[in-house]
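You will see two complexes here that share chain A, one where it goes with chain B and one where it goes with chain C.
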Partner chain A sequence: MLNAEELKAYIQTKFSEHACLSPNEVFGADLTLAAIITRSERMTNSVDLMEAFARTSNALRKEHGIRVRLPALALDTPISKVLEAFLQEAQRQQEGRAA
Partner chain B sequence: MSSVPQNASATVRDLHAAPARQKTAAPQTRRTEIVADLYQAFKEEGRTLVDITWEQQRLHESRRWSVVELVDAVTLENVSESDRLVVWNAGRAELTTKPGADRLARLADTECRRWQGRDATVASILQACGTWSRYWNEEEAHHETSFNQLATVLGMEPITDQTFIEFRKIFPDDDMLRTLTLLAFSEIVAAVNYAHSARMVQEPGLKALLKQVGADEIQHMTYFIAFAKGLVDSGRYPAKEAFAVAHLFLREGGEVQGSKRERVEQRETHVNWWDHVEYREGMNAPDAVEKKETLIFHALKRITGITVSSAQEAEDMWLELVGC
Partner chain C sequence: MLIGLGHDLQALEELQPLEGLWEPGAFFTEAEAARFEWSPSPVESLAAGFSSKEALFKALPPIEGWYWTDAELHHDERHAPHFRFHGVLREFMERQGWYAKLSISHSGGFVSTVVIVSTLKGP
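== the complex of A and B ==
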């Protein structure tokens, strides 16, 4: 079972990888979803962003058995909020499994 | 002035050598239909773009209708307040179709040339799509002008030139399979809305117009499905892109909910018609979300060969296809 910091680092690494940006670039600057799409060479629009979240979610499930529902958020949402939502859901699932 | 091809002499010789097929073309008694399996048509049956274009033309001609006649058949004083809003909304919504069709024509041709020399069948499917877009554009012009003319003669709030131009903004480019799938789903949303409205309105002329437009949208949906299926069948476009668009529509608060969503994305780039439909008190809101979802599942099956029957299943399948 991963602790909160490990989970956070894992999600940040995976998402940045799929966005083709460095973790610091995405999370350090707390980019909005719209800004991530603009800066990422891999992304054309919000469907690509959805796919980056999907791949992150799939990795969590495959490597850690945690199933996170994909967030449907507005493009002006900062990534810190998305990360928070991911973390809460992941922790809730981990706790549920442990109980 | 056209340029002379380098092998012009050979072309002329071949033309002279070719036997005349017939002095007059035989009457076309065969039923008109959309060629649903384009990959097979080009790859296995050896059909050409001229063959496919002829089928497109035959179907287009067989479905022609007159905007002027259908608008004239509406008895204005019998159109209720609620029905007027249907007309007004439809006219504004249809304004956004032309930029969609303009973009499709350009995108399909660009994509076709990208495949030339690499996959002749895919290039042909894409060129067939770009060629057909002229019929789509023309038929959508019927929808736009009929509803906007009706709204005008009914004395409804006019569309300013500024709004008209705003609604003509060209959509941003995207992956071709996603684009075609999105257009197929958009036609589903439109067709279900028109069918619902046709059932609700009382004035017979308006009812007939809504039915006619709805039937056109179903035909357009079928075409988009055929082009999308051709791309998936070719193995060059992954089915995950069709499922990504399905997820976009079907997810909680997704596009299938239209302007009734709690939060509609603000876009600078273009106008999304289903974001702009305005419901007012006393108006029959064309929801029928379940019907739209069912048709989306059906379209997904035809495009990708994969069966899903709920939003959750569509999401699960998309996640599976996306991988890690």
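== the complex of A and C ==
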């Protein structure tokens, strides 16, 4: 079972990888979803953004058995809020399994 | 009373190379993902599902804490599309007494979707 910091680092690494940006570029600057689309060479619109989130979610499920639903958030949302939603979902499941 | 109107246009070619969105449980429910896979045109079906949710998002005001899987696309016996809501989104829609109507068109490599949210249940 991953602890909170390991989980956070894993999500940050996977999402950045799928966005073709460095974790610091995305999470260090706490970019909005719109800014991530603009900066990423791989992304042109919300389809690409959702694909990157979906791949991150799928990796969590395949490698750690954690299912994370994607939150419905506007493009002016900072990435820290998405990360928080991912972590809450993941931690709820981990706690459920441990109980 | 009209609450909101949302429109979305989705090019099929943008979805061709994707893999992540096909997996159930993240953006689409298991039932949606299975229906896309079994349909005669899986990419068109996936595009309709994606476009429907985007149009719904545009038709709704900001609602805290709902997930894309809370808006599940279904078709009735006449193949007319509609949403089944779950979780936070369902509670919100029921509390407000709001209904969503959905129209989907496919043409020339695109899917166009319109969603109207109103207080009228309609037919």
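Keep this in mind: the second predicted complex is superposed on the first by the 99 of 99 C-alpha atoms of A that agree within 3 Å, B and C clash if a C-alpha of one lies under 4 Å from a C-alpha of the other, contacts with A are read in each partner's own complex, and residues count from 1 in each chain.
As a working rule, a residue touches a chain if its C-beta (ideal position, glycine included) is under 8 Å from a C-beta of that chain, and two chains touch if they have at least 3 such contacts.
The structure displayed is predicted, hence computed values, not measured ones.
K.L.:
Specify the outcome, clash or fit, for chain B and chain C once both structures are aligned onto chain A.
P.N.:
Once chain A is superposed (C-alpha atoms), there is a clash between chain B and chain C.
K.L.:
Please work out whether A:Cys20 is in contact with chain B alone, chain C alone, both, or neither, and reply first, second, both or neither.
P.N.:
neither
K.L.:
After the superposition on A, what does A:Asn58 contact: first (chain B), second (chain C), both or neither?
P.N.:
both
K.L.:
A:Ala29 contacts which: chain B (first), chain C (second), both, neither?
P.N.:
Neither partner.
K.L.:
On chain A, which partner's contacts cover more residues, chain B's or chain C's?
P.N.:
Counting contacted residues of chain A, the larger count belongs to C.
K.L.:
Which partner does A:Leu75 reach: the first (chain B), the second (chain C), both, or neither?
P.N.:
first
K.L.:
Using the superposition on A, tell me which residues of chain A are in contact with chain B and, in the other complex, with chain C.
P.N.:
Looking at chain A, the two contact sets intersect at 44-47, 50-51, 54-55, 57-58, 70, 72, 74.
K.L.:
What residues on chain A touch chain B, complex-wise?
P.N.:
Spelled out, the residues of chain A in touch with chain B are 44-47, 50-51, 54-55, 57-59, 62, 70, 72, 74-76.
K.L.:
So in the complex, which bits of chain B are touching chain A?
P.N.:
Within the complex, chain B contacts chain A at residues 172-175, 178, 240-241, 244-245, 247-248, 251-254, 263, 265-266, 315, 318-319, 322-324.
K.L.:
So in the complex, which bits of chain A are touching chain C?
P.N.:
18, 44-48, 50-55, 57-58, 61, 67-72, 74
K.L.:
Under the stated contact criterion, what part of chain C meets chain A in this complex?
P.N.:
Going by the criterion above, the answer is residues 10, 14-15, 18-21, 23, 25-27, 50, 53-54, 57, 62-63, 65-71.
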